[in-house]
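Please go over the structures that come below.
Across the two complexes that follow, chain A remains constant while its partner is chain B and subsequently chain C.
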Partner chain A sequence: MAVTLPDATGAAGEELFAPSPAAGARTPPAAVRRSSIIARLRRRAVFLETFTWLYLIWSIIPIGIAVLFSFNSGKAQATWQGFSWRWYVTDPTQSVLHNAELHQAFVQTLVLAGLTTLITVPIGVAFAIGIDRWRTRTASALNFVMIFSFVVPELLLAIALFFVVTDLLHFLPLGTTAEVAGLVVWNLSWPAIVVRSRLVTIGRVYEEAAADLGASRLKALWRVLMPMLMPAIFASAVLVFAGVIDDFVIVEQLSSTAATQPVSVAIYSNVHGGLAGPALNALATLMLVISLVVAAIGYVGYRLMTRGERKNTAEALTTIAGM
Partner chain B sequence: MPGGTITLRNLTKRFGDHNAVDDISLEVHGGEFFSLLGPSGCGKTTTLRMVAGFEEPTAGQIILDGADVGRMPPNKRKVNTVFQSYALFPFLDVAENVAFGLRYQGCTRAEAKQRVAGALDLVQLTGYERRRPGQLSGGQQQRVALARALVLNPSVLLLDEPLGALDAKLRRALQVELKALQERVGITFLYVTHDQEEALTMSDRLAVMSNGRIAQLGPPRVVYEEPESAYVADFLGVSNLMDAVAAPGGDGTCRLTIGEFSLTSTCGSLRASGPVKVAVRPERVGIEAFVASGDNRVPAMIERTVFLGSSTQVVVRLAAGAGLQSVVRNDDPAAGWVAGTPIKVVLPPDALRVLANDGGTVEQIHEETLGDVAPVPA
Partner chain C sequence: MSIASRVARPASEHRRARYVWAALAAPGAVWLILLFVIPFYVMLAVAAGQINLLFQTSVPVWNPVHWSGANFAAIWHDLVGPSSYIGPPAIRTVVYTAMASALSLVIAYPVAYFVARYAGRRKTLFLVLLIAPFWVSYMMRMLAWIDLLQQGGYVNKAFAFFHVPGGGVNFLGGQAVTVVLGLVYGYIPYLIVVLYAGLDRIDPSLLEAARDLGCSRTKTFLRVTLPLSRSTIIAGSFITVLPMLGDYYTNQLLSAAPGTTMIGNVIEGQLGQPGEQGQGAALALLLLVVLLVPMLYYSISTARASRQNI
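Right, the complex of A and B next:
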């Protein structure tokens, strides 16, 4: 279920895009001989709009159904038996609240997301500043690593990390420690790239102004660059947090027991031969809500932080979406 | 004088194999308003950035009040900069922006508050303390940038096209204000601009730059009236420029041949010989009826007349093909003559300036400057 989340955000992007051709079609024709072009444009707009709606329906309806049945009072996944909170709280053994495995998975996901964000973002910011502002050989090497981790398939990285952890780094046990380590490596390029693109936008003139006024390089970094990077840092924290919630491949490889399984792994292993049932829907719904809330916080927060900068909605969205 | 003398000695900055600043030497006196003037890409900003400390010189020295500061980091130099983009910190309000540097001068809170108030008063922005830069107009931002630098009592203020982003009217108002302010605070201003009118009206002295070198240095009136090269004359938009062939004349004069006509010059590089450029300012180009005769008179034809308000511009074409502009009083008979009227152009010997043949980098020729009205310094 968690795997369908990116589709939902993608669909939001589509929706943003759709109105513009429609708006173009609404402008009155400038000349009669142009009317056939306009008509064609309108047909295209209708086609685009229809397609967008089909896409939205196709991606949202399954999620909607899954969410709906998490509130079913019975065990059925196909027949509605009345509304209840049974699978969230009231069922004494199988609800998310009372089933230890599900409960733990939920907590584990939040712990992983929190820890990974706390570790990844500062390192990523440091990398970004290092790569962009200190043009050295090390900086180029770091830059290569950033791009590399973008290109490497997640599964490859996960398996590689698994062998490194089990065969080489014995002090790094499978479970939360290894999971966080793997997630940090995998997500590091987000803050590095988002913060770096902001660094490029900002340019060096503010640091030069600070130096000119008497600030040392470190002071300029701290008093001027950091506040100006805040929106990007915040956006990348949101991205990392949401990314960890979504993650499956790395945590699946690096979790040890059921106790360190996050939601995605718990759902996966239970659908295939565990306690299948609406409680899983409930768990997935909770993760969906958290993802949406995080995305909303990210969007609103970014807009607020860049208030004076004449940003438009699309820019805020694409930054949050990490583009 | 409170100090503020800058000496540049053989200053050079190379980017790759391109000399952005090429062996510049000059001295700016304490309390002087000194401008670096030149077209885009001639190295003005690079020079200024080296004085500020943002670029390290490839060679040469920057001496500030007797000490070589060439390798000193910018935060240690007693110079401050007003950036072209202002570079106000967007997340701080006006008062915080102005107070930014005071922290590094070991100011107490009370003293800082007082100095910020003083600086804002100086640039007439009292009452704007709590505004963010984004809530200010371009001119107000420019003043904040000025206050932020001046509050630190620098011995030298560096300004990189500080009025470049403003509209023409505000520009002119701020030129006057900035000059008045400089005289009041008495610190050295090193001012970069590509606007010749701005440089001519504001500076005590100026250096015209070309391709990383200084083409001419001196007070505005001298540079404007006695350009040493075609490049300077052309860049200052002063003059009509003509091609001529020079030969030494009697009594230290110079004989110029323009087309088939022969003229005498008594100013400029009188010992030049061979092809040269000759400059003559529009105010000095006289127009007489075709029947007039005498020395330094050349037949020509009126091409058009343009009413300028207080005077009239007459564009003429010499028989030799060159175009010339002349500015005459409105009551001059020439002001009323129609296009196509044959006339005589009078080019007085002391107005015909022979320019040293510097193999110049003049891109424009007189053809292109025709129709432009040469600015006259106030």
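Right, the complex of A and C next:
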């Protein structure tokens, strides 16, 4: 029954699906019966599998076509006119490189993503640790507010933020400052939730062991807990960065001029009229590439950091996606 | 805490530790209060405030004693009154959201179920493909469909090629179907990941037990898997329904016609109208109140779950 999978720490369920030819000789009867039931179930899942592939085609092919047409040499979105870098660099007025609006949007998105990640992750991690250990009514109330900020529809938060920065908090002017302030509060729940759930699984034994060995509370926190939290912190940084790249509503409400519009707003305001055409596809493709690189770094980094633990590929993938 | 460390640490040490934890939570707490709790109070102050008649700008009134209900009355009148113009978008919002989230669930559940239960060794491949749209921004996914659905786009070309009647349709010219499918396409990746995580947690031995005890496959699914995934389905539905109710960009991108406006468009429009900001704030608050029950339910069950784990 013992089958060596590419991923040696794979879940027990995965091994059940792959009985080796010689399995019967070495395994007890119960396991044989169990694996044959599942094998039969698996054979019958043809309908489900077809359905899944149809879904995947529906979900991925449109994006593939959009990427493809960012390399079209003509303006058309449904007639291939040959490969070119026109919409990325060569077109003197409409390419991402030479069109000021698109160029600025690209830079603005990266600035927002970088700044927001740098602020959100430390604050969120500290918040998660503080809330987890500071067991008072205030802490539960704050935790509740944090979770509530996770589910409130983004439009409502964005409008409330617009009013607060224009009517009360005048030190946060519309534009990059207000955008970052809003994005931080909208994304704060990622590190807070991801790190908190990691804290729960770690428990307090390691810190207590450190304390028993003479470490002060802060030293135990810094030398023992922090290294164990690193995978969760890293995963949440990836989530925040990707979340900001994807964000539209908050930045649309809080941007001031075209100079502070990120990619999502530039696409939204140009798609009907304006710069409609493959240049937008090129801009979106560039963001897609950055997102995928961040996701890949996130996945590889997470795997490296959790090397010593019994975690499988699926666990790493779902963590990087925020689950 | 072990007995040894409890003996070693006096009460003052515990009090000092409390300050450490409070200090750690402080920056996040300040941010949440300043930019999450207070903004909603400001929204209320604007909604219950006045209008500067000269500049047609809203003037928030901070003291609840001086609050006025004029904006709320105006919104209520627009919502249910004889000349209501918010009524139709409100009904449309509910109908679109209900259809789109039901359709998302019908598509997402079998996919998540297959990957969690039957994907076997190819689980990683399927997961990568399922999570891939997660990393493509919402705007790009809408842009992709705008390209495809144009009058000369591939969808119409495919209709013509297969001689399907109904070709040459202007899909982007105010079709409710386009908007609903756009919402499904936009929000389904989040639902699938939530459902997958929930279904994957179900212990396979429970299903084997049901099979060993004589349940058919259908019965096992109906009596074991489905009840066990109930809370996941509810959580996943919140994940799609709440943002859909506040969505104003999907219909704007895929139709831009007055016949498909939703409540989010009305709120957005009022905020951009001079003198109507207060009404926009009032309508936003009304939406918030309607959504308060599902949001509280979700927040409380999430908070309870994180407490139980400790």
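Everything that follows uses one rule, which is that the second predicted complex is superposed on the first by the 279 of 323 C-alpha atoms of A that agree within 3 Å, B and C clash if a C-alpha of one lies under 4 Å from a C-alpha of the other, contacts with A are read in each partner's own complex, and residues count from 1 in each chain.
One rule holds in what follows: contacts are C-beta pairs under 8 Å (C-beta built on N, C-alpha and C of every residue); 3 or more make two chains touch, one makes a residue touch a chain.
All values derive from a computational prediction rather than experimental measurement.
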| item | value |
| --- | --- |
| Partner chain(s) touched by A:A215 [first = chain B, second = chain C, both, neither] | first |
| Contacts of A:S255 with chain B and chain C, given as first, second, both or neither | neither |
| Superposition-derived comparison: chain B or chain C, residues of chain A touched | C |
| Contacts of A:F148 with chain B and chain C, given as first, second, both or neither | second |
| Contacts of A:Y206 with chain B and chain C, given as first, second, both or neither | first |
| Which of chain B and chain C A:V224 touches, first, second, both or neither | first |
| Chain B versus chain C as contact partner of A:N281, first or second or both or neither | second |
| Contacts of A:T116 with chain B and chain C, given as first, second, both or neither | neither |
| Partner chain in contact with A:S59 - chain B first, chain C second, else both or neither | second |
| Chain B and chain C contact sites that coincide on chain A, given as residue numbers | 208, 211-212, 217 |
| Contacting residues of chain B [partner chain A, same complex] | 52-54, 73-75, 80-81, 83, 85, 87-91, 100-101, 103-105, 132, 134, 148-149, 152 |
| Chain C contact footprint on chain A (complex, rising order) | 5, 7, 13-14, 16-18, 34, 37-38, 41-42, 44-45, 48-49, 51-52, 55-56, 58-60, 62-63, 65-66, 69, 76-79, 123-124, 126-127, 129-131, 133-134, 136, 138-140, 142-157, 159-164, 167-169, 181-182, 184-185, 188, 192, 196-197, 200, 204, 208, 211-212, 217-218, 242, 245-246, 248-249, 263-264, 267-268, 271-272, 280-281, 284-285, 287-288, 291-292, 294-295, 313-314, 317-318, 320-323 |
| Footprint of chain A on chain C - complex, ascending | 1-2, 4-5, 9, 17-18, 20-29, 31-40, 42-43, 45-46, 58, 60, 107, 110-111, 113-115, 117-118, 120-121, 123-124, 126-148, 150, 152-154, 157, 185, 188-189, 193-194, 196-197, 200, 204, 208, 211, 217, 238, 242-243, 245-249, 252-253, 256, 264, 267-268, 271, 280-281, 284, 287-288, 291, 295-296, 298-300, 302-303, 306, 309-310 |
| Chain B-touching residues of chain A, taken from the complex the two chains share | 205-206, 208-217, 219, 223-224, 227-228, 308-309 |
